[in-house]
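Residue numbering begins at 1 within each chain, and the chains themselves are lettered A, B, C, D, E and F in the order written.
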């Protein structure tokens, strides 16, 4: 029967696939930039290793690292080493290693780049605006931190959280968020949407980027709601206060 | 500066990562089951190769296969060979190869399995119910076809499309869709949701499956809206009419 | 007292009125076109006369024909003879004979004609678009079947069910549905609505037709929800597959 | 061809049907009770026959009576003679005589009776509550007048117009309106709805009455929006002030 | 500690403040115009002093006048003397004297004047339109009465209650209500709103008036919901029937 | 004529009233606590007096202090002296002095007290939860700062801004916000609401406090939208970082 055959085939293929293999080559780590933001903001206190009881960060069990596949542990360690703390999304999603890999591969592809007309700060702003619409605590708190870091504007994310319509945004940013919100609400996208983007300088590839980010966080927000994912305390204040110039210089020399 | 360094590092890592490498081992294909449904339903007419002008299936350019990375072509050919036609989602998303890989890796992980208390038909039903909420033409038409095939119930998907609340569903299926819809609407998920699932026999891992599918298609539906993705004509009638017993037997012997 | 007097008068008048009289002249039947669609589509299997228990088609009792007024039975027999099966709406609404007569008189006046700029297919499309908004199983399933028959377009109704905004519609059809949906949602109708219709060639009488159909099905959808009216199985596949030319010709000769 | 044949047949049947015949028997008039309410309230000033320009009561042309079919004129005259003025809905809908007949036949069947557990005042209250939800000027103003007349409670309709949830209603009336509003909103009706009605003494036939009235006015409200139907001035004050006892007695003697 | 100190200071200041002092000078009464409307409309029957049990006008206790501060009693007596009855909002809010004073000071500042381009009737119309949106029984019933008095148009408020979009309003009034409703819904106000107002002759100070009234009644409506505030019976019919000319003249001579 | 007479009388009374008099006694200042929060957080840099162009804080003109009535200036100076900066709401609303007085009198009565079962932190939390629903930038930013100060919990307000349903709140706080949100949305308040409050220890006077705060900020939020009121920069970071113990002590000694 085709159905059984297919199941076995899928299973076999998937076990051996590049996405799930047990021992990835050393270089195959996803370096996630938010890992290092803590260092930058000088707030990388390891609050989760404090003396009190560990804070609950997920409704689902968070695996011990020793029980996780090697490639996932290696990724976590790199992120933690560079960023000063490990964002809870890594811990929470490691409950499902295969989904973890697909999630972060997708995430990395959409967020960690400055291509086309889209800066990293732009990308974070889309996440903030759509995630507040979806009332996602984890994504709003962590990505507004990242926006503060990337944009060096400490209050814009807070304004967008309340109401992007009257935040201190350029017409370009406003058009970007209008389109992101149309995708976020699952509006039927029409040529009119693309025209509005073109008026402020975004081409169709930028439109794909904006929409794909809004779409990806439509998924992420819902996974955060499922797991009741809690943001690391570090995120709340990250990027709010300008760092001491001297201290910053010292850190850069490391 | 950390920022430049990080960008380069990510870029280097990602280029060499298992997700993007140019020549995957022969076995590393994602066998997508819907590829073969056409054969089963006996409707695998290759409409796209008809004499008329090619139908537009995306708002974005669809790459020629010769221009696509080898692993993506190989996957497409396998799906097409087995299913009789290539679902348009493969063509449309190949516009962005790296995102294509992450998308189908994730898709495969969530949809192509019978694990826990969740059958493949259950998974498709979730996609139908949430995608109609999001008014996604591609996902509703293609996944209601898959539900008809897997469930062997030719009218339930049509009922769910109109109104899952009065469709011919078991209490278990109704509870499953109630939860999927809560995730689809981005409701705040509470312990009460899990209790409702437990009352009909779903445990917390099933809940994750249900929510992750609803979340993944929250993303997919929005990508389909972005690209104005059109379903293959084959999907509309697939699984509606019982196959001829004799013919079915002959096909199974292949 | 006026009130008692009025009650008696109304009662007397209504008993003898042309709408309720016991023996209508032989010609006074409402020929409902959907009755014959089944024959045309070649799917008129009498599923309800199978060996199994009769399917429940209404939350309310469905009268035996022998207990129904003669004019209603005569209408049912004619519809059934010509269409190959009796749509369940006739059975379900016969629970209230006087309302049955008014309902079908109104229905017939609005739906069974090709007048002005409105074809029968246009009328059915309005029913599909507004009934899916109202999540009415019976009307969506039965009238999408009728649309497939009249329009000879087997996929458009399915597209409209998901999202009329990106279905394969002409600008004229889109404007027609935009107006129908404004009526369906009970928007305040303004001159601007009429102007939009005029731009695609609909005059004020067409506007009345469109609105009256949307309004009538606002009622019908709600009656279907009240009674939990279930569509005949025949409707699901009707008009999906082109009929055999030879067979069609033979039928036309009857 | 079946289609042409059917059209002709329907056309022939319908022309000769009892619903459209040119000369109905003298007794076949629909006596609509609201026609006489004006007399009762003592406000039957013929404002439309004043010296000023006639008020516009419809967006569509209102036919001269001499151009209307005899049965419709006869009905209008009877209503006007008894009620002191002709409610504008008769004038506005006479633009389409065949639809006029079906509309008032249906209306009469649902509204002009005291059957089951439903009084005429109950029926009017349903119309008020659902029509304000639909923001229908004509139906709210005219049926709140009728409710004041039938219920002899001059303020309840005004309260229901603002907010039926905190109006001075009995639990029975509140449950009735809760159900009517569920139908009005096109909610999926479940057994739970019927149980709530049974708790206050309504059986399933009463439920049908309530729902059918809500459904019929779902249609009526939309027709009123289409035509921009304006209420007669008489309705605004009708039933607000108790009549002079002596005067009332004199009128009853006519 | 600053916090304790501040509390004490505030407390001291506030006790002695002009808003709360025990013995205001004789002239410091808020003359509320609605107090006299009853007289004008000739409907000032003292229903609350009838023989039956007192109607419940609030969910909270209504203080005896003898227990109220002198300035509040004085204000009530003046309003009652001039208007023929005391609107229930005075009684209900006197449960909290300090809030009573701030409420009526604010109310008086916004409502009891004919300044800029805003008449008193305009102000009442804003209250009617926004209060029906908020389903506030007290404010709709009492302020539609005041609108009838000020505007001398007995049906416009009733039309606005149902649907201001198709009420008999001037373009100027319609623009005024569109802006008031934007404020009522808490839309983000933009320059576009001000431009729409300017097109019909309202300047920025008028815009403030419109918005401040809509904002103040956003508060009032919610206080009325909290207390289940009931309108005086007098309000329902006030201003509906033109007064006798002779009687009116006599009253003006007082 | 009564109308002119009334206008003059109101005008005369109001000019001489305690609310508007030109020279209030020295003690009649409203000490607003947020004025001093800046000091506590150590962020009281006078940004508006920087060298750059003054930031725009209102869509309406902000009066020079020399042009403001003396009592308002005196209040502003006291708030500024104690708090280190003057919250922009004082500047923006001084455009209308009489409304300014009523607004702050009301505000002070509701917010600046620890009475019943309601702490100052509770009151601020209500403002945060309802103001984010209304998307009011000024109120969210300033009152989340005040909540951080009063509650000494630096992250709870941020959580409530995103989603109070899954914030780290006690059942008591959650019930308080559920009720505040019901008022905020203008739900019809029922006895069931009071029962839910009583279950966590709030009595009817507390309910009034909660509702009155939600109602007052329903007004405030709308005034902030009208004026496009911008929060002082000081508010964004206020109360986020624990003060240096030594420094705090030193400040308290001033």
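By our rule, a contact is a pair of C-beta atoms (placed from the backbone, for glycine too) under 8 Å apart; a residue touches a chain by one contact, two chains touch by 3 or more.
Since we're looking at a predicted model, the values are computed, not measured.
Under the contact definition stated at the top, the chains bordering both chain A and chain B are C, F. Between chain C and chain F, the least number of touch steps comes to 2.
With every chain reduced to the mean of its CA atoms, the largest distance from chain B is reached by E. Inter-chain spacing, taken between the CA centroids of chain D and chain E, is 35 Å. Averaging C-alpha coordinates per chain places the centre of chain A 51 Å away from that of chain E.
Mean C-alpha positions place chain B and chain E at a centre distance of 58 Å.
Among the residues of chain C, those in touch with two or more other chains are 135-136, 163, 165-166, 188, 228.
The touch graph of the protein chains shown belongs to none of the named shapes.
Contacts from chain A toward chain F in the complex involve residues 132, 135-137, 140-141, 154-155, 158-159, 161-163, 165-167, 228, 233, 236-237, 240-241.
Across the interface of their complex, chain C is touched by residues 188, 190 of chain A. Across the interface of their complex, chain F is touched by residues 163, 165-166 of chain D.
Of all residues in chain C, those touching chain D in their complex are 1-2, 6-7, 9-14, 16-19, 21, 24-25, 27-31, 33, 36, 40, 60, 95-96, 98-99, 101-103, 105-106, 108-110, 112-114, 134-136, 183-184, 186-189, 204, 207-208, 211-212, 214-216, 218-223, 225-226, 228, 252.
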